Amino acid sequence: MTHMHIPDGILPIWIWVVGFIIMALALGFSLYRIRAMDMKKKIPLLGALSAAMLVGMSLPILPGYHINLSVVTGILIGPSLGFVAAFIANFILALMGHGGITVIGLNTLLLGSEAVLGHSFFYLFNRLPAFWRAALATMVTLFITTAILIGIVAMSHIDLEMLHHGEEPGHGLQKGGSVSTFAAIVLSIGAIGWIIEAAITGGVVKFISQVKPDLLGHMLHKDKYSGIR
Amino acid sequence: MEPLVTVSCLKHTYPDTTEIHICGLDFVVNRGERVVILGGNGSGKTTLLYHVLGLLAPDEGRVTVFGVNPSSHYSAIRERIGVLLQSVDDQILSPTVWDDISFSPRNYGYQRAEIAQMVEQVMAELGIQHLRDKICHYLSGGEKRKVALAGALVMRPELLILDEPFEGLDSRSRAELVTLLNKRNGEGMTIVMSTHDLNLVASFADRVYVLSKGKGVVTAGTPAEIFFQAEALRTSNIDPPLLAELFLKLRERGVAVGMPSYVDQAVDDLVRLMKAR
Amino acid sequence: MIDVARIDHWAASGSGPFHRASTFSKILFLLLVVGGAVIAKNPYPLMAGYAVILVAVAGSRLPWARMAVLSFYAVLFALLYGISLRGGGRVYALLVFKAITPSFAMITLIVSTPYPKIFALISTLLPEMLAAGLFMTYRTFFILLDMMHNFAAAIRLRGGFSPGSLFKNSSNIAKGIGMLLVRAVERASRLYAVMAVRGYSGSMAQKGMDRLRREDWLPLGTGSVVLLLAIIWK
């Protein structure tokens, strides 16, 4: 999973402000795309999958590691609703003291990207059996979002004042340290996490394909599915 | 008597291709009646109620509630109907008790002061004022059911529909619920309820409809009339009440006894019989 | 993850000054502390700020020791980010206190304010879809958590967890999560029916700001002190 547990006050202001702006645009676009869907269908689905992501994060899979079910969310409810669910999950996580409130934008972009990319790759790999389709989609997605995370950290080292005025960096957190060391640690720990999340996501999707395959049929986020029983 | 609900020969096919037929007798609920729907698992009780609530539209057949087709005109009648579903965890939508009880009036556009009065009134009636600001998840099963019922009664509906309302309640809670429902019925509320609990039917129902899987409504009548139709009940996967079964067997053996619905009636009958000997 | 049930219990059962303060003032308190953490360029004002919050919390009959422990959860990730920076102990001290001071403020907010009240205030700034999603997620979270606990218990009782059997354990966990998702989606479709019959038309729960109160001086004062320290202590 890729969630910046970076607390408040650590990243430069400009980077999390830009994160919020991009998040707001992406959220607005997602809400626009699902505007035709009945609210009475959208809200329970959002609640279900956002809550499932939070429950997934509370499961003690390994000491210090938790899954987040973002790829499964994207597969089940589609990229737009999945992005909104990622926002809600992150918002609540921040209110649980899990990561700062200033990084909600960046975290939503990361988690939401997992839902969007996971959905896309899952349907791209449609010739594979359910387990491998989901597992591979998860591995590729998490690699990409981890790379984005490293990119964000690298960008946070850009001193805008220095760029603008050609001056030495100011006080506070000294930049120019070892992003590559950070990247190496994150990628190596992350790779273990990707395998675990891929295996579990593959198992989950395989189970769903056996028990209730219509959930994987792109139906939940289409308006014609009523599902009343 | 004015019929509030009429259902005629319903046929519905679910997305997983399961077909439900509810034909046989027409299902009619008159204003002011307390109607109970009895039936075994899979007999179509919940399907029938969902059609009355407009959540399902029949493939064939006709459903009218307050004179309109509920599946296409529910918004015209919804403020007149209160619902208590089988699963209270599904029914309770909002985080706190106050939020949930005030859900319907808030969404129907009532003013704040009016909402406050309605909610306080129904909480007092159910004795749950102390739960006002509690988070619904942490309530006990019985408390949740009272909150869900409060949410159903807050609008003072003309028609109250309850799906298996006694599930998970102890005998005292059941008795309290029956008392409350009878009180509201005395004030003019019409009640439709599905249940497995035959022992409560006698003290509650004006009219009983019995559903059987694949056959629809197989019989209807007062509790006294229904209880002694042992065969009809058994084919619907319902065991007759113990009292009815006892007196049926006595009648089969030639003993001249009546058809009591209550224990007191049965005692009177037996005492009369013993004195006559 | 923080034990939400325990947090809810503390939030709902307390009666000290922080509990009695309005939700608005406590959110402002959080924002003031976060603002101080953002602008601070050395660790000392944030250390002092942490101490100020600690004193305020302890004086308000909140479980300050357990709250302080929870605030340290943020340290690990701050230090991980610190690997990418250059600098000695002072840099790391700044990182640590930039992490734990706002974290402590957040924990103070959630321990003294039930989540529905926080959502009710924040919802006034969000579109209905997101506001309703927040309330619905909060409500659903506990139901799914209970469901997951029941599945885990059932798997364990039926021999589905064995020490050292990674493949079997992972496979059974995945099935449990799969069942959870299936049930969650089925529940969502039932909720559609419930929302329809209960007349949903745009209001999941009460929104709005509670009135300002006398006790608001405590969170507002504490937050202002932290921010002032960050501004003047360079």
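When the chains are written out, they are named A, B and C in that same order, and each has its own residue count from 1.
Rule of thumb we're sticking to: a contact is a pair of C-beta atoms (placed from the backbone, for glycine too) under 8 Å apart; a residue touches a chain by one contact, two chains touch by 3 or more.
Note that the coordinates shown come from a computational prediction; the quantities given were computed from them, not determined experimentally.
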(Q) Comparing chain centres built from Cα atoms against the global Cα centre, which chain wins on proximity? (A) C
Q) Based on CA centres, what chain would you say lies at the far end from subunit A? A) B
Q. Where the CA atoms of subunit A average out and where those of subunit C average out, how many Å apart are those spots?
A. 19
Q.
Rounded to a whole Å, what is the gap between the Cα centroids of subunit B and subunit C?
A. 42
Q. Cα centroid separation between subunit A and subunit B, in whole Å?
A. 46
Q. What parts of subunit C, by residue number, touch at least two of the other chains?
A. 115, 136, 138-139, 143, 187, 190-191, 193, 195-196, 200, 202, 204
Q) For subunit A, which residues are shared contacts with two or more other chains? A) 226-229
Q) Which subunit B residues sit where two or more other chains touch them? A) 50, 55
Q) In their complex, what parts of subunit C are in touch with subunit A? A) 1-2, 4, 7, 30, 34, 37-38, 40-42, 70-71, 73-74, 76-78, 80-81, 83-87, 91, 94-95, 98-103, 106-107, 110, 115, 118, 127-130, 132-134, 136-141, 143-145, 148, 170-171, 173-175, 177-182, 184-193, 195-196, 200, 202, 204
(Q) Applying the document's contact rule, which stretches of subunit A touch subunit C when the two form their complex? (A) 4-10, 13, 27, 31, 38-52, 54-59, 61, 66, 69, 72, 76, 84-85, 87-89, 91-92, 94-102, 153-154, 157, 171-179, 181-182, 185-186, 196, 199-200, 202-208, 211-212, 215, 220, 226-229
Q | Contact set on subunit C toward subunit B in their complex | A | 5, 8, 12, 114-116, 119, 135-136, 138-139, 142-143, 187, 190-191, 193-206
**Q.** Interfacial residue positions of subunit B with respect to subunit C in the complex
**A.** 50, 53-55, 74, 78-79, 81, 83, 85, 87, 89-96, 98-99, 102-104, 106-109, 133-138, 151
